[in-house]
Amino acid sequence: MSTYKSIAFANDNRDRFITLRRDLHQHPEPGWLEYRTAAIAADRLTELGYDLKVGKEVIHAESRMGLPSEEAMKQAMERAISEGANPKWVEAMGYGFTGMVATLHIDDQGPVVAFRADIDSNDVVEAQTDDHLPAKEGFSSKHDRAMHACGHDAHLTMALGLAEYIISHKEALHGTFKLILQPAEEGVRGAKAMRDAGVVDDVDYFFGMHIGINKAIANCLACMNFGFLATTKLDVEFKGYSSHAGASPELGKNALLAACTAALNLQAISRHSKGNSCINVGVLNAGTGRNVIPDTAYLQIETRGETGDVNEYIRKRAYEVLQGAAAMYDNEVIIREMGSAPACVNSEALAKEVQVLAKDMGLFRDVPLTNTGGGSEDCAYFLERVIEHGGQATYMILGSDIKAPHHNPRFDIDEADMINGIAVAGAIVETYLNKTK
Amino acid sequence: MSTYKSIAFANDNRDRFITLRRDLHQHPEPGWLEYRTAAIAADRLTELGYDLKVGKEVIHAESRMGLPSEEAMKQAMERAISEGANPKWVEAMGYGFTGMVATLHIDDQGPVVAFRADIDSNDVVEAQTDDHLPAKEGFSSKHDRAMHACGHDAHLTMALGLAEYIISHKEALHGTFKLILQPAEEGVRGAKAMRDAGVVDDVDYFFGMHIGINKAIANCLACMNFGFLATTKLDVEFKGYSSHAGASPELGKNALLAACTAALNLQAISRHSKGNSCINVGVLNAGTGRNVIPDTAYLQIETRGETGDVNEYIRKRAYEVLQGAAAMYDNEVIIREMGSAPACVNSEALAKEVQVLAKDMGLFRDVPLTNTGGGSEDCAYFLERVIEHGGQATYMILGSDIKAPHHNPRFDIDEADMINGIAVAGAIVETYLNKTK
Amino acid sequence: MSTYKSIAFANDNRDRFITLRRDLHQHPEPGWLEYRTAAIAADRLTELGYDLKVGKEVIHAESRMGLPSEEAMKQAMERAISEGANPKWVEAMGYGFTGMVATLHIDDQGPVVAFRADIDSNDVVEAQTDDHLPAKEGFSSKHDRAMHACGHDAHLTMALGLAEYIISHKEALHGTFKLILQPAEEGVRGAKAMRDAGVVDDVDYFFGMHIGINKAIANCLACMNFGFLATTKLDVEFKGYSSHAGASPELGKNALLAACTAALNLQAISRHSKGNSCINVGVLNAGTGRNVIPDTAYLQIETRGETGDVNEYIRKRAYEVLQGAAAMYDNEVIIREMGSAPACVNSEALAKEVQVLAKDMGLFRDVPLTNTGGGSEDCAYFLERVIEHGGQATYMILGSDIKAPHHNPRFDIDEADMINGIAVAGAIVETYLNKTK
Amino acid sequence: MSTYKSIAFANDNRDRFITLRRDLHQHPEPGWLEYRTAAIAADRLTELGYDLKVGKEVIHAESRMGLPSEEAMKQAMERAISEGANPKWVEAMGYGFTGMVATLHIDDQGPVVAFRADIDSNDVVEAQTDDHLPAKEGFSSKHDRAMHACGHDAHLTMALGLAEYIISHKEALHGTFKLILQPAEEGVRGAKAMRDAGVVDDVDYFFGMHIGINKAIANCLACMNFGFLATTKLDVEFKGYSSHAGASPELGKNALLAACTAALNLQAISRHSKGNSCINVGVLNAGTGRNVIPDTAYLQIETRGETGDVNEYIRKRAYEVLQGAAAMYDNEVIIREMGSAPACVNSEALAKEVQVLAKDMGLFRDVPLTNTGGGSEDCAYFLERVIEHGGQATYMILGSDIKAPHHNPRFDIDEADMINGIAVAGAIVETYLNKTK
């Protein structure tokens, strides 16, 4: 055990990392608005000596999904600066480009190894009761209706710890290390735009990691995760024509009925024989008044599939249903893709190597090869691309004794697991930066 | 009274007309299959000296609606010949052209006066009980599932009586008389094709007449009829793609669901502020087996409107709904127009003149100006065209003590009213053939 | 003309009435919140010497429909007092009882004559442009999202002018005069509760009047109005059960789908052969998040019928549809009747007498017997009851050169017509208080 | 190999078994109509010395599903007798009881071992082309619209071969052998009624076997089958009230719209998180004429679930949807359960023993432990009951080089596999009749 320097590094700097995580926890920023969070990371990574690319250089504008309004971005920028963000970075990121890639090119002898962390928060109001540690210890969210309820504060802390560890040991390493900090994972909105910017096109070994997914118990590391479903999030708007319902109903083009017909027929899309296929119309708002033929309707929809093909089948059928319903009522229909992720594929060979290493480190009570998680994760875009290009990739689950489910107002991680996370990530990346190409 | 020669003519030939009507009643022929009926009329009209145009000369092929199969036509031809129809006429009419126009051109001094009669029967099984006169007297239908249950046997009898009366008094008359014998009024399938062949384009005075419409009581004549609704009859076929419902549901294109969605949304078409608007999906048949995604669906639909505009609104909306539903399920949709009629417009001035004349004849207990009937009548196509071209037209109701509602197996007219009908029709046409142009 | 004292009265006090109307216009109060409006009327009517009953005495609590929240009432009370309302009346009206009846009992020799005015405002934001007189002259609405856009400010002004005129001429009159000031006509919410309190049970002659209904042109009086449709306003809530759409969809009870199915099938309720039948689902809001099975849905619905029977047919069918849709999804459904009005019946004999009188007054360019209005008006509840009890009743339309349709932000009346309205109402009531019983 | 006497037995009697199978193939009889088939079996089994129970003794009347009409049964009885069925058995079976249980009680020293075969045919028109062996060799179906397209002719042949083998070797055996011949497996209609009659309540070892299920290749034996889905077959009738669509639409109770609403909402039943859940509305027929409000609608529905719970969820939801749709349109709804089967559970220990034995026999190229089949099989009712009562049960798949999928007009088995089937069944049953209890 004592041979793993990353363990000592993580433990020696424990207090500093916890302080950092708690500061991030107090200042949660939702997707595409992570100005302060990203600015802190940028300052730190340049200070450490990384070559930094931020904003449009690493985010393909057209592939971004589910952007907030410019007004919301502007307010977030101002708040970030008022809370200490370096204005240089805020300006560099601009409107809706709150991600970055930090690169350490050591030499050409080794492979390109990448580690990705997501940095956004959730639209959750944090619990303020004494049984919730952040509240008790005074580091709960200072931001209205925002909370780090999915552990991304720990994700960024581990990423920065990893960056520090790697650069401080670079003499013994080869190749290139890329740290990818991705905005807007919540709603699966951000990864596609970074993938489309090509940030993982040259990667040989890719690692992602999530803290505390439900089936992975405390103090364990699952070396790859199955069961993230492919998903698409759609916002739909029907535009019809209003008319007085009593005086001239025939002049109306009823958006409410178009939306209702769509909702029923979306839900009636046939099952797929190749696996779990889901669709949900979660929200429908239509109409302006009791005696007016409704001229607008809004729907929020998500599709999920056990494989990308199954999800694509549902997505394609959903478009047919929506367009058919609009045609029925002579409505215009606008479909906006607000987020998406493919199903998650891992390189089993890589995961097995990680398993051997992690067991050897002796940090964890249990090191299973696989975890089966539900939900969706847009990191899958990176894994898919790396594997397509001949690299290897895995998405690990770092078990933690979480106090409540993810996205719950009482969600909290055990910071001890975060410290272990820095140690194991350091050892993994170090290992692959030692491989000859 | 004694001054009306047509009254004496009708009464003197009473037995002959009744014999003719009973022969027609025994040999009912549904729409587009009236080979024997039409052949009898054609023989009689040429014998009388009329110039006769039959079949394609007076029926525009592309405008015919709701045609039976060629097989059904062939069988009807064979039966007609076996029952005494002149093969010459059967051949002349050919497949689906069972109408004719008989013209008597007297001189150029007078107007063109037209009278229209419809000649087809209903798909009704005639009552065989003793309280039904045709059964009791032995002249009920000899044809399977066919019956003159709407009085068209009387209509043709009156038309031929009228033709005989007019030509026998032609010396005293001027202008041109046209007798229009129209097939396939049931289902409003035949008039449009004759109108489109131009048969009323030159008409100055046009008369249609129905025996026994419900609100017109016995022994009366209503000089024009309001309330026939504009209507369209649609047959619809959805064509999808079948697949095993358990093994590969995703490969199916569900025609049953397309049809169900269409049915609901057709019924949900908005009311129209300008008057009564109706739609009915009367029949829906879909699917082949319990465990197969249905690949076909058939619907029978009718729309009605208080005005042509209202009906056109419903018809247009129905097409949108059907096409939208097909698009939803990636189905092909085939919409066939099986019948149609406009709302009925009359020339009030002409009706008032008819009223004066009919009162003067002293034949009727009551001669109201208007009757308000329901349902639809494709004679309205002729009235509309005549009035568009500057002529005058009216559709009269000849009251009769009918024994049961139209289309009922016990329907029967009072033949005395039919004799009166010949008298009044003779007097009316005679009157207008005396008008100088 | 000079014989009508009410004409001189109206003209002599013209400025005072206009001032009153403009004050009311500046302080519009929506239905059930007319505290200031009613308090001003109550002060004035007691001052004049009327016997006043307010609140629960004249409003049957259980029959009130479409009440705002108690919080909204409390705020309205406070605002009314801060704007000068007499706290005594505000207190007397309490929560949701903002109507009153002012009675002048002269003697037992004459009949009971009633006049009704409605006093509430609309949820409309008043236009502030110079082409809108209230804006230009500085008397537009001071209240947020409220405007007198249906002329009820003029209605109350006329009512108070009438009250003043009658009491000042009572020496020459007999019988009893009742002035009914009704809250919450908008949404047809208030009349039923006053009818159920019995306020018109003893009335022999009943008059209602509306200013400026669309087909009645300026400077005219239509002596009765046809075509107000029977109507019912329904608020519907579906309560299902939420569940995570991906993790456990089978546990959900989908309120959104129940509501969509209801909406489609409500719209598909069959037409009625006895006249115009309408239904509109004007608003549908359902669901809380994209990935949650929706557990709630809210609908706003209205039904209309050419007769009470037709409306009752639609209302009954709507309940069946809503309950069936709820049963389909194991939802609870709560249906609240938010407003209703019967079709409007008038006493033609009374209207004809009014016509003679109004023509004789010489005030109007035109005095048609009838106007055909659309929409609905809950004054119909009063007319229906008076006629049931053997009295006579009519609802008149006072034409005015309105600047935009009712409920439009630019709606404005011509105040000259309001002055004429006081004159004609005075003359009418005076006339019937002279009739011997 | 030479030690398995059943192999020699099967091969020695090969021609006789093939002749029997081909005779059965020529005389296919659909479910509940297997009079000739069953009579032949009954004759043979009594001849062999089995104790036979037929008809009501082994079939619980109330649990039978999807019965044909009595008229159809009568015709089938007459045909069976005319084709050589022993009238004694036809009479014994009566209306709708075409199953039997043949019992051989040897002694009380051994267990009760049961083998089940199904005997009904499919509603398929057999191919008559030369590439279809039964046509080429002259033994294709003599019955109109009936064909053994699922191999049940081979199933019965194997069962009778097994019966012959066991009774001819009974001296060496112990315990009791029960041969269960089940009618109406197609549509999963017959097993439940035999289970409810208690025919497997005393069984210690139960075996079922199907020839040629798709994923089991030729010349192999899969020792248990997974993936038969639980299923329910429903026939549904909506009864409304008809009315003329134009004249009095409000009097109708529209069964077509009730059925369409049901169809859409059935298809929209939520997925289940515990596995594959399917529903199909395969057939919908509604309405009688274009201008009549439809008063009847018929649907054929099936539900499937990966587990019994999942299927039960869908079935229960389907009832809610159907009853809700009926309530919406004030229709009566009649739901008939036409067939059902649970998901298939096997005793893995027993299957493993069978695997060892079958491998040892050397008859098969491959002997996998499991096959994963789709579809449904009501034999699952027997397995479930046996296991509930503490016995063991397995459902085996006998691979065969089938020429076309099951239920296809060209379906044919390889008779060599049937001979092997007799051999392996004989050895298995023999083995378990040697076990001490």
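Chains: A, B, C and D, in written order; residue numbering restarts at 1 for each.
Going forward, a residue touches a chain if its C-beta (ideal position, glycine included) is under 8 Å from a C-beta of that chain, and two chains touch if they have at least 3 such contacts.
Computed from a predicted structure; not experimentally measured.
K.L.:
Where the contacts of chain C and chain D overlap, which chains show up?
P.N.:
Common neighbours, chain C/chain D: A, B.
K.L.:
Counting only C-alpha atoms to place each centre, which chain is farthest from chain C?
P.N.:
Of all chains, D has its centre farthest from that of chain C.
K.L.:
Can you check how far apart chain A and chain B are, centre to centre, with Cα atoms defining each centre and the answer in Å?
P.N.:
Measuring from centre to centre gives 70 Å for this pair.
K.L.:
Using mean CA coordinates as chain centres, what's the chain B-chain C distance in Å?
P.N.:
Chain centroid spacing, chain B to chain C, equals 51 Å.
K.L.:
Cα centroid separation between chain A and chain C, in whole Å?
P.N.:
Measuring from centre to centre gives 55 Å for this pair.
K.L.:
So which bits of chain D are touching at least two other chains?
P.N.:
247, 249, 254, 257, 261, 264-265, 267-268, 270-271, 277-278, 293 - these are the residues of chain D that touch more than one other chain.
K.L.:
What does chain B use to touch chain D in their complex?
P.N.:
Residues of chain B touching chain D: 229, 233, 245-247, 249, 254, 256-257, 259-261, 263-264, 267, 278, 280-294, 297, 300-302, 304, 374-375.
K.L.:
Quick one: which bits of chain D touch chain A in the complex? Just the residue numbers, please.
P.N.:
Residues in contact with chain A: 264-265, 267-268, 270-271, 276-278.
K.L.:
Within the complex, which stretch of chain B touches chain A?
P.N.:
Going through chain B, the ones touching chain A are 247-250, 252, 254, 257, 261, 264-265, 268, 270-274, 277, 293, 313, 320-321, 323-330.
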